[in-house]
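Okay, got some structures for you below.
The same chain A turns up in both complexes below, where it pairs with chain B and then with chain C.
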Partner chain A sequence: MKSSIAAQSPISIYGITKRYGSLTAVSNLHLEVNEGEILGFLGLNGAGKTTSIRILLDLLRPTGGRALIFGHDCQAEGLQARSLTGYLPGEMGIYSDLTGREVLDFLAGLNRQTVNKQYRQELQERLELPDRDLRRKWREYSTGMKRKLGLIQAFQADPPLLILDEPTEGLDPLMQESFYGILADVQRRGRTVFMSSHVLSEVERVCDRIALLRKGELVLLSTVEDIRKLAARRVRVFFTEDVSLKPVLTPGHEVVEITPRVWSLRVEGLLGPLMNMLAALPVKDLEIEEPRLEDVLIKYYREGPQ
Partner chain B sequence: MKGSLILLFHSLKRVRALVISMGLLLGVFQVFLIIVARSVQRSGTFEQMSALIPPFMREMLGSSLISLMSFNGIVCLGYFHLAVMGSLISLSIGLATIPTSEIETGFMDLILSRPLARHWVITRSIIVLTICTVALLAMMMTGTWAGLNALAPKDIAWPAPYLILSLAINLGLLMMCWGGIAMAIGSVSRRRSVAGALTGLLALSMFLLDYVAGAWQPAESVAWLSPFRYYNPLELLMDNTLQTSKLLVLAAVAVAGFGLAYIFFSRRDISH
Partner chain C sequence: MGAVYILWLRELKRYVRSRVQILASLGQPLLYLLVLGFGLGPVFQQSGNGSYLQFIAPGVIGMTVLFTSIFSGIGLLWDRQFGFLKETLVAPVPRTTIMIGRTLGGATVAMLQGTLVLAVCLIAGFRPVSLASIPLAFLFMALTAVVFAGLGTAIGSALQDMQGFQLVMNFLVMPIFFLSGALFPLTNLPKVLGAVTKLDPLSYGVDGLRSALLGVSHYGVAVDILVLCVTATIFMALGGYMFSKIQL
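Moving on to the complex of A and B:
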């Protein structure tokens, strides 16, 4: 999995390992995130995603290995590394009596970059969190509002690298759309996004590459397109009359369900051999579903690389 | 630097209401003690009050009983009354374990994901603890000064300003000492309640050790371990001399606690 590491990559991880006693949370993780890409960091609960993210932010100290952000060691040069990073934690621990505005101003003050008020206003508008809501106290916020505020605080300084832990958790579909729009914009401006997510459709839609962790180990690192190629297509064949013939399938083709008038098949690779076989049958219609990323990812979740 | 100051001001802002209200209460308590001292002075009942003290206590207090059962003694009681000491030490523990609480709630994630050095979290807490300690003692002394000026009989000698200042300095260092211990314990704890309870139990044990050592000879040999041994207000009342060695011991424990807190905090995982 180890790839060549450019000196100034937004994120370069060299074999980080984190152990808690006998439990290995992350094992020998090597990963490079390229400038301007959105990398989806996937895995089941406890796979080591958040642990890896926290190591990047120097909140956790790795048992072995090292991680760099734009060439700065996350531990030895943590201040420089973190000054280039915006972070959205999985859960925001905020004093309940602070207002949204106080939270944003306080966190903006801790940044080295100056926050452009106009950009913050734009984020507020896109995520529908008006000034009126920012005057309310944190304890009065709904889950979705908390998430929106979390996103604004992470994006407001417009850092070159964004590390987002489950960014759309608690957002309604409309706000998810707005968030994807913001992601697309920051990517257009050359920003890099490293986001963990459970939502496969979201990852498929917004990410350029996917890194999948399983039990602390990186089991897949690939572009979304390449992963899609690994997936089987679902093909349904409808007949004008009952067909009693059993399909004779080539390797990579698999029967899901057969009725006299409909065949459901999974097809990996080329469709040609299937078409040749169907040529002699009374086919009424053919339905081909695009390969689904989650079919491949779920397989990796369950079994790891084969 | 800007971020560090913002964090400091944020922390001070968060504790100001608590510190001001506590300072006001303690200030009022000083005034109340002056009213009590004036009343006892006017009625001339110091001897009757002494008679109410159980014999074993009298034995423990020895000659300092005379100093305590006087106008000045009752006025100065505001600096070593159990309720005052207990609440001040509890506040110190509370302030010193703020970083632990910030880790527990996840607030620390947001702070330390910014370009802010870890050691600043501890430095900030030490500054907050120091400012709050000074502010509280200043409010107590203001209460004493105002109460004496407004209510004390003019025909008797008031406690010397040096005595009040000495008591306040010694009490302040005792607070810092327990703050240092709490910060060191907090820096290895995951929960503020655990750090607070552990330090509180330790403080109570050390207080009892110092107390018991006054009456029970075997405990005397280990009583030097108790920070309370280095705050002896009755001794101060009697000879009016602040012992630098005692202040140094308290300061050394505080500094050691802060030092350990820096070390532990810089090495620990921030996880909640």
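Moving on to the complex of A and C:
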């Protein structure tokens, strides 16, 4: 049987709009985040990612539309909504006279969270922020340490929904790996993660779905797998002898370069027609490059949907 | 309730840990107390008003409470600038609760600072009429602190950037101080000045302190308490309203 929380989507956004004077930061955004998924929220700087996140947390009030967290209106029932949410701000700012541990306890107290010390300890170990560092003052923290502490405070109460603003910014590659491991674990336990990012390789690796914002509008919402299918693959065909024939290509396939022994092609969609044509030719080898998410996304970043 | 305590304690710890700031904020009251207290003393004495140091000490205590409490509220501006506020506001705690915890913390700090200045006054030679009246003095410090912490929070919530700060300083905080009767007696003032001092909440705070510590009152203790309570309620409500409107 499902609990009452599980019956509602972790995040439902119904047409939120946020205007600052004549500037529209977010325009009529509709988005549903499903339980247990990791949704990557992409966009260039100023696309409206942080604005949307801040509306979810009631730091900003939308000009129009509404957003719900587990069925609770983020503005009218913000307390219930936020009690189910762990949040990592893009930039943590905290009283600089506090030590790391005091920051964690202060925020846990304010959030009325019961923090499992063992879980916090585990997070500390995985992110390599030992007790020794927690005794140091916030003002002595490096960018990376601040990020780690921010992650620990967001995860420490093991909330059903995590909203993370650029979680790996400032983390070194090893710590990024640890973070991905933690993400995988919380997902296994059924937690939902909504994270903004502009690192495509990261999104490709950890996210189930991608929502892409451009100038405040949602231009793409799709599973990572489907986006990969949209991507053109580079195919290179090597021949055992010179081939003088010109390739006859179906729509979606185009020539990059042709020499008598090697064809370089860009293939969108099915590979079958190309295979049929090659069947009659003296093919020595075939090289098919992994489709790259970037190729598709960059198009959306620049132009939006056709 | 828990959140109010946590935020109140946070303001207190922040104060206790900033020793340099504590020392620095003693500078101005000391200057007023010693330079004006002793400098204007002879003139004041000749005009038949008694010791100026005795007269000005409650005023300087009131001034300290005013500055400390109103700046703790305006300090919101800094908290916002440096992002401290975000982490507190995303907690599942009503904005009003956060505002009350923070503002009462600021008011308590102002009381501590006022107590410190009272001690300095005692060292400088100030003598209250009776020790029994000291608790009443604390009551007036507390009320004054809440009034101006509330006002400060309202202003700090409304200001968007540091530029507004100078404006508030020169056109609000300094006039509140100078028009409160902290430095001069409220009797026999020119009509306009007399009317303006009646509108200044600090007048009642300083008058209350003076009645507690010196046994002389201009408005009467009951009026002082009443006006301060009403003003405190209004300013706290205003502060709470402005705070709930903050967007980050």
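What we mean here is this: the second predicted complex is superposed on the first by the 272 of 306 C-alpha atoms of A that agree within 3 Å, B and C clash if a C-alpha of one lies under 4 Å from a C-alpha of the other, contacts with A are read in each partner's own complex, and residues count from 1 in each chain.
Convention: contacts are C-beta pairs under 8 Å (C-beta built on N, C-alpha and C of every residue); 3 or more make two chains touch, one makes a residue touch a chain.
Being a predicted model, the structure only gives us computed values, none of them experimental.
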item: Superposed partners chain B and chain C on chain A - clash or fit; value: clash
item: Touching partner for A:Cys74 - first (chain B), second (chain C), both, neither; value: neither
item: Which of chain B and chain C A:Met195 touches, first, second, both or neither; value: neither
item: Contacts of A:Ala211 with chain B and chain C, given as first, second, both or neither; value: neither
item: Contacts of A:Ile11 with chain B and chain C, given as first, second, both or neither; value: neither
item: Partner chain(s) touched by A:Ile94 [first = chain B, second = chain C, both, neither]; value: both
item: Residues on chain A lying within both footprints (that of chain B and that of chain C); value: 54, 57-61, 78-80, 82-83, 85, 87, 89, 91-95, 106-107, 109-112
item: Footprint of chain A on chain C - complex, ascending; value: 2-3, 6-7, 10, 13-14, 17-18, 82-94, 247-248
item: Residues of chain B that touch chain A when the two form their complex; value: 2-3, 6-7, 10, 14, 102, 105-117, 267, 269-272
item: In the complex with chain C, residue positions of chain A that touch it; value: 54, 57-61, 78-83, 85, 87, 89, 91-95, 97, 106-107, 109-112
item: Contact set on chain A toward chain B in their complex; value: 54, 57-61, 78-80, 82-83, 85, 87, 89, 91-95, 106-107, 109-112, 153
